[in-house]
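Please see the structure below; I have some questions.
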Amino acid sequence: MSEQPIVRRRVVKKGISDARTNDSRTQSQYDPYKDAAWGFINHWYPALFTNELEEDQVEGIQICGVPIVLRRAEGKVYALKDQCLHRGVRLSEKPMCFNKDSITCWYHGFTFDLKDGDLTTIVGNPDDKLIGTTGITTYPVHEVNGMIFVFVREDDFSLEDVPPLSDDLPFRFPENSEKFPHPLWPKSPSVLDDNAMILGMHRTGYGDWRIACENGFDNAHILVHKDNTIVHAMEWVLPLGIVPVSDDAITVVEDEKGPKGLMQWLFTDRWKPTLENKELGVKVDGMNSRHYRTSVVLPGVLMVENWPENHVVQYEWYVPITDDTHEYWEVLVKIVKTDEEKRLYQQRYDLVYKPLCLHGFNDCDLYAREAMQNFYSDGTGWDDEQLVSTDVSPITWRKLASRWNRGIAKPGRGVAGSLKDTSLIFKNTADGHRPGYKVRKIEE
Amino acid sequence: MSEQPIVRRRVVKKGISDARTNDSRTQSQYDPYKDAAWGFINHWYPALFTNELEEDQVEGIQICGVPIVLRRAEGKVYALKDQCLHRGVRLSEKPMCFNKDSITCWYHGFTFDLKDGDLTTIVGNPDDKLIGTTGITTYPVHEVNGMIFVFVREDDFSLEDVPPLSDDLPFRFPENSEKFPHPLWPKSPSVLDDNAMILGMHRTGYGDWRIACENGFDNAHILVHKDNTIVHAMEWVLPLGIVPVSDDAITVVEDEKGPKGLMQWLFTDRWKPTLENKELGVKVDGMNSRHYRTSVVLPGVLMVENWPENHVVQYEWYVPITDDTHEYWEVLVKIVKTDEEKRLYQQRYDLVYKPLCLHGFNDCDLYAREAMQNFYSDGTGWDDEQLVSTDVSPITWRKLASRWNRGIAKPGRGVAGSLKDTSLIFKNTADGHRPGYKVRKIEE
Amino acid sequence: MSEQPIVRRRVVKKGISDARTNDSRTQSQYDPYKDAAWGFINHWYPALFTNELEEDQVEGIQICGVPIVLRRAEGKVYALKDQCLHRGVRLSEKPMCFNKDSITCWYHGFTFDLKDGDLTTIVGNPDDKLIGTTGITTYPVHEVNGMIFVFVREDDFSLEDVPPLSDDLPFRFPENSEKFPHPLWPKSPSVLDDNAMILGMHRTGYGDWRIACENGFDNAHILVHKDNTIVHAMEWVLPLGIVPVSDDAITVVEDEKGPKGLMQWLFTDRWKPTLENKELGVKVDGMNSRHYRTSVVLPGVLMVENWPENHVVQYEWYVPITDDTHEYWEVLVKIVKTDEEKRLYQQRYDLVYKPLCLHGFNDCDLYAREAMQNFYSDGTGWDDEQLVSTDVSPITWRKLASRWNRGIAKPGRGVAGSLKDTSLIFKNTADGHRPGYKVRKIEE
């Protein structure tokens, strides 16, 4: 401006307080985390439920910016890069398979071996010199108890280095029962356990996967759930908040082998429930507490033990699709041994857990995460947020994730979401299609 | 290109003419204006109509890239930054208030004093050390005759420097009657006058606020309105254009106190109506002229005196939301002293002014502004436009606004519109939601 | 990352094979082509069908980022830059013409001579000094046999250098009959021929025009069409692919005068149809071959001779609108001499060719092109694609187009698509409008 008539008395009144817990020294300890908008790569992620991939079915998904095609052949699930090396189309958009050993690109007939991704032939050009010299990346698959997990690796991450799935799943019991005793409930089942019955759902969340993940084990966000139907139906009385009162409120697990993560000592004397706020005249009367315990491990897997009922565990994943979308997975696991137990669990899931917990309760988390998106998506939030004592949970997570992740995914190239604003996306949006996790099949 | 077979005779035939009125010397006088895509900050803007904010109601809006939450408590309106300092969510998305003195963030319970924005408590964490050390910015509010005005300031603009609302409103009468006599109509009422009855509407315009503002007092755009129903219903005969014929066609007001703006001497001998274009064989026969006068003051407030009928004034604001959206306000003001006068004015507004003027007539301005958006939004227009003598009005405005604005808003950070193309926006768009001014409440 | 626990054995297993045909030396020969996202400028393109522009009708389109307005006056079609030099609105959005010689901007009355684009008057400001000193660019028009072609030039490309339309149309017969004999069918008609009847359609494709163009004459993409209704209705048996078996499989034409392009010697001994893939156990039995021949010339015009039936030729254009949209033109040309021949041809077009060929068959090409868009739109594909022997066709085209184009269009400025993500576009998208080729008229 050429002239400025107002002499400003610049009295900075509001700003970043020195009293916040994430001062600059703390922030420097989780710098790598701030770079992980596209996720942590070289980790195991859930891809599909078993019942989403029947024999010979082909589906395309995207994780950490990597397009992945899954096909089940002879019962076994194979996962390959879902981008033809010829001209880049997704094989899954229009599945074409001539036998049980391969998948063929529907466009120009490039055919890949399901086991190793090698280019084995080209339908109409079987003598081309490219054949046998190249291929597409494959991804290890582990299917268990109704879930298909995929190890999403960088092209140059050696298959010999792939860790077992259990390294990327929450702490298991009874092997951790001594380390993390839980007097209030029986040993928590794992998705890997015999007779584990897994029920759940997944859907696309429109925001950064980290923001979603942090919400899962954030002990202060309980306020969001105070009017949830499940809370009132069960006559639970939730505290106003849960505040850490001891330096060992959280245990970080970083043993050489096994999952890397944190366990929170909720509902012990290391965390104090807040029952009253005198300033506001708010008080919780009586307390039919729902005792649970949350922990999280890399690459972002939540375990909520003893939730939503005894003998049940809830697991959640926030699988990065792009830097601003993730696939939100919620599953409940229970050990069931007889058909009658299975029937009853299924019924309870269908009629209570799914509508009131996975939807009713957790839908509130979905909108809370979306509500943070503007603040974080342009980078503002990572610098300007003013965290408090209850945020010891996400801060601890950010630090350990920065230390122990196996790789920070690079921004997607040549895939959905690498550009956000192409005319093709606008066309699809005008037609009512949201960005999503699964590839939409070509309709002829 | 490696080879270029065509030898080109580069004869520049078309381009920027030296005969345009905004040559480079003129342009250099309004450089700051070109930087003001996000608006002029540290000014008064209309926020809501009184009837849009009942007791205890909470609404969120955005002005100059600043998210603002308004709440009425004990009749008084308070305005605060609508971005929780903790994790950045908008307080207004899911209003939560425990008393008349504060507003609480629905997510983690951070509670702010309505009067000064101080963080006074956290619902579930009342002893945290952050409390009392920080807060969010507040915005002065002035409510008058059914309109709520907010002073949108930078965080470090001192409250002591806030000028009276009248400094950001059009010239008033009778105090300016001698300076700007208006023989053809009685003194024009202000929104601040006793017994002023204000009727109007506001809606989101999809374009740069400056382009919208300039259209309001551009005397050459009359062509757009030639087929408007109100024109023909009233049997007005509009000239083809109005051309300045004297150096004092416009008076710039830049007194030390009071509004900074310009007054146009329309329908005097300083402007000549064009009644014929011989080149095109177009002629206006007879003339039942609707005499009006337009002026504009910072931060972009239009006054159209004696419009659309005698004793009525139209005011317009083009409130910047982002760099490519603005809230378009149109209000009509009349002095009414009895209930019967009120009833008649309301009726005339509902049945004539609103459908035929605020909509019919001004809707043409809306599409004209959108039509300019491609040219200006990427910066092309500011350099390539070729202005003519009738554009003395916007040029004069650009210069005075460059000299007298109280601050150029910085691009929004961490707010709606700071990124334009997130997946969350595409999701909302696919669901049929346009970008807008008011925060959409969370639906549970 | 501060610590990295995994020692990675970086064994690059998959990647770009050395055996691909487009090695870096080859790629360097088509660098200019990679820069031509916005198209080749200073070329002839189809703009509209004759029946889309009646006397006095005004339509706006965009080619190579250039907004163009077409008007027919006294039967003759004129084309001018569709961007008022005053404030940049498109003249075509709300057509206003006071006589047969000019077009007037609906906003402020700037009036341009149809023949040379000069600013001849301003409706309400006829004495302004800008008049006669400036103007907008005009574009040569050639209308023939129901199609309107426009020469889209840079502002400084001299009218004296404009070549004849035939330089930008496919090779003609009989003048090329000796050079390119076609024993299997009669001489192929041109859109320029006497008695040529042209039937067809155009629509917007959501992707890069180059990707679309390359698909047109790519001999390996036949797999996409194997289940098309027309193929089975006609009992055609298509080969699995067609492979070049001789160095002269393609002839490049780059004579000083006339079109620059390539001719493919399909269904001669220079290309071998693949009838079997032993690896996959796939075989084509018998062969009721549909003999055709494809060629392409600058600026991207496909000719498919003897297709879809004898005596008929299909032409296609992929007219760049922006860097990620193009107008896809498909026309069929036949010589018809009597009214009865016309009636029968029209009937066959309406009932067979249009639904089964221009739609059914070519719709598959549309989705195939969209499927490549993510790979190429962020630049990834141009570097990472691994082409094979059958891709000699696009590679040859890329090289010759790099050598012989008359200019690479600069990214659009101040026009639709120069910014992809404005709030105005989101508003239109929320309302269900896709980005498109023709200007949508203002609705009052």
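Order of writing sets the chain letters: A, B and C. Residues in each chain are counted from 1.
To be clear about the criterion, contacts are C-beta pairs under 8 Å (C-beta built on N, C-alpha and C of every residue); 3 or more make two chains touch, one makes a residue touch a chain.
Quick caveat: nothing in here was measured; it's all calculated off a predicted structure.
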Make each chain a node and each touching pair an edge, then name the shape: line, ring, star, complete, other. complete
Copies subunit A, subunit B: same or different interface, half of numbers shared as the threshold? different
Calculate how many whole Å lie between the centre of subunit A and the centre of subunit B, each centre taken as the average of the chain's C-alpha atoms. 44
Of all residues in subunit B, which are in touch with two or more distinct other chains? 420-421, 429
Would you tell me which residues of subunit A are touching subunit B in their complex? 1-3, 5-6, 8-21, 206-207, 218, 220-224, 227, 239-243, 274, 277-282, 322, 324-325, 363-364, 367-368, 370-378, 380-381, 384-390, 417, 420-421, 425, 428-429, 432-435
Residues of subunit B touching subunit A in the complex: 29, 31-32, 42, 83, 85-90, 93-94, 98-99, 102, 104, 106-109, 111, 117, 120-130, 133-137, 155-158, 160-161, 256, 402-406, 408, 413-416, 418-424, 426-427, 429-431, 442, 444
